[in-house]
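Have a look at the structure below, then the notes.
Labels A, B, C and D are assigned to the chains in the order they are written; within every chain, residues are numbered from 1.
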């Protein structure tokens, strides 16, 4: 059976929604929201189908598709000096991220019910964003990756700038410029790679680089890797490139933050693993200690700063920085445990932060605040929401039985093998995570209610869908991590092979 | 004729060109500025004619070029003066340094 | 030259020029005999028809051999055809804008002139693309410039328009004098004005003194033509002129005139200095030796254009700086001198044509509505006219160079060129960094359009706040958006046409 | 039966899930779900325990997580210790479930309470049957959450909130020790399995330093969970939770998990004298430290809490002195009598609605059931001969003495004296004398509450007879059966130790009687004699204040320092770059002064510069 149509359909299916929305009257709020939600479903269905395909024991390479797209020719008649191929494919790692994206996107579409104005524009941009994200994770060559990467920027800019909170424009600009610079660096790296090897295909590049006779000096490779680290460091974000992300997390509307924190930040991690580690394994090893130090700094820096924030969104924003530190720690370990931990953390944090930000949206919708001190004691009026909030926090602080633990555990397991002292310093982060999350969550839910929250409605109706689905997935991964680890084995083997392990 | 070396003509042209450039960049009166530009173009013409006679490979083309240049210069001057007239109607000045309504 | 000889010339290769010329003559006569109060718009439509006809004839010539007439002063090669298409396309769109332009401030008395002056400037640009001789190049250049001076000042009663024309004349005059001075030395060293002959002569150059002189003349020509491109530091006239000129003229200057500028730069630099030996036959040509100078100019242009654009509050001024910046990107392609240079310049100019024309169409509509050209006038455009807003959004995204638009492909193409041969890391980095800087001001306009509320006064106007889009504007917008998006997604439509029909590299030097 | 032991934790989990989903509808009928399911666990546990008497250890596992070539497993194991723990935990849990039906009656979050109890019981049972460190850690954390949730059950009380937070974070500090230790030992032995670890340690595959390091790190985990000094402060605060919870979690089961962990990893500890000594020292110190604080507390539950801390110290001392059996034995008896004491205290609180012992008094007559049961518990913990506590405490003292720690032995002896004193102080103040507070409607608790107490009371009396010097050390022999590394089932010690212990405890009781029963010695005798000391004890040695001052302030200060960096340095650099670009723009637009001649001049200068550079670099004059 020819399955090469699947990925194209998967990636571009949200466009259908955009087209339908374009012809809808903009006053029909309910219908628009419903269509926006429906438009995310085909991608979700296909993503799950692809996962089922994998579970059935079939090859993921069935989905690979490649076409010529753009050729820049030099002298006439010559072979093109530069070609951009339309190449999509799936590996286990990519499959997981695609499923994650599709799930979070659908749930974020539900969370978009809180959008108060101009739903039509919102959903059109939202769906465009989804196209970009799905494309990023399925692209098989760097240029295509870059194109999809850039495609995510514009909708996100508008979604933040138009539908965000008070300082939305500043946040949107911050986002645009930082990420623009990141992608600029990325483009330069891509071009140099192309200039040196004549290809941008990721697998090919991986092979070429593994060949000792590759036309790149070690120093150049190191330089390229450092550039990649900067490019994806903006996205991840790595200290000190993080300040844009705080603004975005605080100012963007809930459903966008779900996407942003849940998926967009993960592009950075994905890039580091797939390109940084995949293409430059030897240089990555050189930098491993540095990356580990950066990871520990991220972990602790985020944790300590989260401890003194008064806005819960800020707590979560710094918490994201902290958790991305774990990704770095895992990667720096350069062994199976660490890398697998990093990948787990990518998925796990995607789910957890989506859950927490959704709940923030729920609370903000009802109380018009996300300040911890204004929210004390909401467990009285909204016990279910408070319960899920606590569950989310527990997942985030790495409670066993939930996804956060498995990833944190493996990342540290990996690093302890290589750099035990650094890892030991990093474990302070585990304590601090508990401290800041409990401070924040208990500050909001426990204690005396500062104001009457009794009148507020608890979670209801469709609001349960994102919360329950996300919690269920978090627990599923925590209890039965093989759902993630088995598709990853092939990817890991490839990476480890590159690392010479 | 041959007693005057080609380099003298070229030097004259260069000096003329520089005078023109200096005038174009420093004079306040726009008419003078336009005339200075003419000077620069005429310097070119001297060059062309000199080369046409004493160049590496003397040819008539240089003189033809000079004729074209003169015609164009005339047109340019005419247009310049016409524009200056309409400007003068509105602003009542021909001073070039007062034409700074648009800046920054 | 006998009459037979005259007849035997292959005049047909000048068909497009003749069409335009004839129509100019017809329009002049018609304008003369038309009653004073009759609407001159018809002249504009005739002009558009003429341009389209010329375009068709240019298309028809694609794929043929290199031909030249009149002692090789006029040549028709693939390069000429390719860029003539751009120039004609740009001219047509400008005329569409012009027909929709509200004639005020004295323009109402000269609408007829408005159209045929545009056409004659266009004719100059066309001649430039096809010229094989310094004389024709110069004539073409001036034929483009002189009508442009008049056009800039055609709103006789508006001081800004006068001032803009005056500044243009003076700067244009100086620059063409400098360029011409440089050319005179080239002539002096070779005794010929024919480009190919010059090239042949210069490739044999042995004398270091002469090469030195040639180097100086290279710089002079570069500077003189740099004015046309508005490359830094010869860009400073552009913002003032762009701001003061009527919007269609600004569009013309920023697109057609710039395209013509690049045509002439490539033509001269490549043929003359591309083969001029620095140290005897077979040595490195001057052009390659001068690459660093070009690179500095390109980098300065990109930086100045993008950075100063950040500070602008007038949309036309901002677009002036933006067009300076784009000239910088194009200069990167010129600097790198790779085999895909022609294609990348051509494609970028094509993309630039679409996005800039479209943007100026929107600017024209908005500024006519509000009576000023402040960026703040765009506030709330999304509310007042969503389609116009989205159109402008797409065009701005293309200008900023995001994927999915022609602007991105154009930039990518240039960028690839920067790495294809000898990599130019610094230049490429400057290019991409300044591109990021450009996000600020392009998205600043978008902020006004999409995020800011419409000014209170215009909200109260009700019906009056609606935009009525003239037919010409609609055409331009549709073409611009379709072009920007289509060539952003399927650039090979254009690129393959070039490759399959036009063998620029082969033709250029033969 | 043992192959089905995995079902034991699942019953309470089921209870948790059921109550979470439909608890609201069930209201107080939720209790039946919880009680029935824990009863099932109890029955299974008893069956497993009996089967384990005759059958060998049962262990099974499957792959849980694959990391490359590493296969991390999950499964369960039934060995002697596990079987015993299963029984203790499910028994106390069942009793507390039953008791709570009465105690929590009328609470609006009744189903939630039972759900949490179910979660905790699940985690605790899961913990005790884990065959490897990783799984232990997983459940270890889960019991922490159960504890956290139940401490914070009265979430609207600020104190409960603070206590819950404190409990979680302080135990987490310990957990990190365990976490590190676990990972370090994993990389040494390539396994989390207890059996593999022991084998590697025995085979000498792990260096001595590493053994000591990991053992101590793991012990830090135990310190956190078992409230040992210096991580003990959360445990007294945890008394903010409902009293049945205190009985279940903070007396009988979870806090004993630390002891259990050390016991389960005993061979590892035994391989390092340093580690053992650390355990013993910390244990002994904690025992006397907490006991001394207990002397002056006035909150009935806090007295019991410090007593718990102290008793846990005892157990640690035992283990640290190589008295494996003694430690586990005391764990068991302590579970019985301390749970009894807490439940009885709960019954008292239920009756008088206060926890302050100064407001109680004279309850002996009013609480006909509770009083005697409380007395049984008090006697047992004081080590009065014949009751369970006597036997186990004696074992510990012997172990400490034989282990060659005379100082620690002495500390333990003093702690025993303190224990007897403060427990009877408590007893006398609560049950004898005149009623001091306003006590209306004081009545005995319902039978639902007294019956569990009765069961525990019986066990508190007879529980010790499974391992006595007189009737044979059945428990000890069984525990160490088949594993010589654990030491002997019974350690012979000099007879004077038993006598000394008895004398000491009786002395304590006598002194308490003198002051609080007979009142022949003034109550402020002690506080008067050592005023400063009394204040220090009352303030728990200012440990909390110390932590507040040093740790909390340091963390906060450091955070603000980082914020400073974040705001000024990180943002500052960004602003600097942006400012530079803006400045360039400003300069550029300033140059654009509208003067056309300036434009020309700039261009000319540009040309001149190019030409000069060209001239200077020599052009082509070769």
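FYI, a contact is a pair of C-beta atoms (placed from the backbone, for glycine too) under 8 Å apart; a residue touches a chain by one contact, two chains touch by 3 or more.
None of these values were measured; they are calculated from a predicted model.
Novice: Which chains lie in contact with each of chain C and chain D?
Specialist: Of all the chains present, those in contact with both chain C and chain D are A, B.
Novice: If you tally contacting C-beta pairs, which pair wins, B-C or B-D?
Specialist: By number of C-beta pairs in contact, B-C is the larger.
Novice: Based only on mean CA positions, could you tell me how far chain B sits from chain C in angstrom?
Specialist: So the centroids are 26 Å from each other.
Novice: Averaged over CA atoms, how far is the centre of chain B from the centre of chain D? Could you give it in whole Å?
Specialist: Computed value for the inter-centroid distance: 96 Å.
Novice: Just curious, how far off is chain D from chain A if you go by their C-alpha centres, in Å?
Specialist: Taking the average C-alpha coordinate of chain A and of chain D, the gap between them is 37 Å.
Novice: How far is the middle of chain A from the middle of chain B, if each middle is the mean of its Cα atoms, in Å?
Specialist: 65
Novice: Two-or-more-chain contact residues of chain B, please, as numbers and ranges.
Specialist: Touching at least two other chains: 21, 24-25, 33, 96, 99, 101-104.
Novice: Among the residues of chain D, which are close enough to touch at least two other chains?
Specialist: Residues 589, 592, 594, 596-597, 600 of chain D touch two or more partner chains.
Novice: Pull out every residue in chain A that's touching 2 or more other chains.
Specialist: Answer for chain A, listing residues that touch two or more other chains: there are none.
Novice: Considering every pair of chains, which are in touch?
Specialist: Chains touch in the following pairs: A-C, A-D, B-C, B-D, C-D.
Novice: What residues of chain D sit close enough to touch chain A in their complex?
Specialist: On the chain D side, the touching residues are 63-70, 134, 137-139, 141-142, 145, 152, 155-158, 160-161, 164-165, 168-169, 172-173, 175-176, 179-180, 183-184, 186-187, 555-556, 558-560, 562-563, 566, 569-571, 573-574.
Novice: Where on chain A does chain C make contact in their complex?
Specialist: Those in contact with chain C are residues 69-76, 78, 81-82, 84, 143, 146-148, 150-151, 153-154, 157-158, 161-162, 168-169, 173, 176-177, 180-181, 184, 187-188, 191-192, 194-195.
Novice: Sort out for me which residues of chain A touch chain D in the complex.
Specialist: That would be residues 239-240, 242-243, 301, 304-305, 307-308, 335-337, 340, 377, 379-380, 394, 399-401, 405-406, 409-410, 412-413, 416-417, 420, 423-424, 427-428, 430-432, 434-435, 438-439, 442, 445-449, 481-482, 485-486, 489, 492, 496 of chain A.
Novice: Give the list of chain C residues in touch with chain D in this complex.
Specialist: On the chain C side, the touching residues are 166-167, 170-171, 174-175, 178, 208-209, 211-212, 214-216, 219-220, 222-223, 226-227, 232-234, 236-237, 239-240, 278-279, 293, 303-304, 307-312, 437.
Novice: Any idea which chain B residues touch chain C in the complex?
Specialist: Residue positions touching the partner: 13, 17, 20-21, 24-25, 30, 33-34, 37, 40-41, 43-44, 47-48, 50-51, 55-59, 61-62, 64-65, 68-69, 72, 75-76, 79-80, 82-84, 86-87, 89-91, 96, 99, 101-104.
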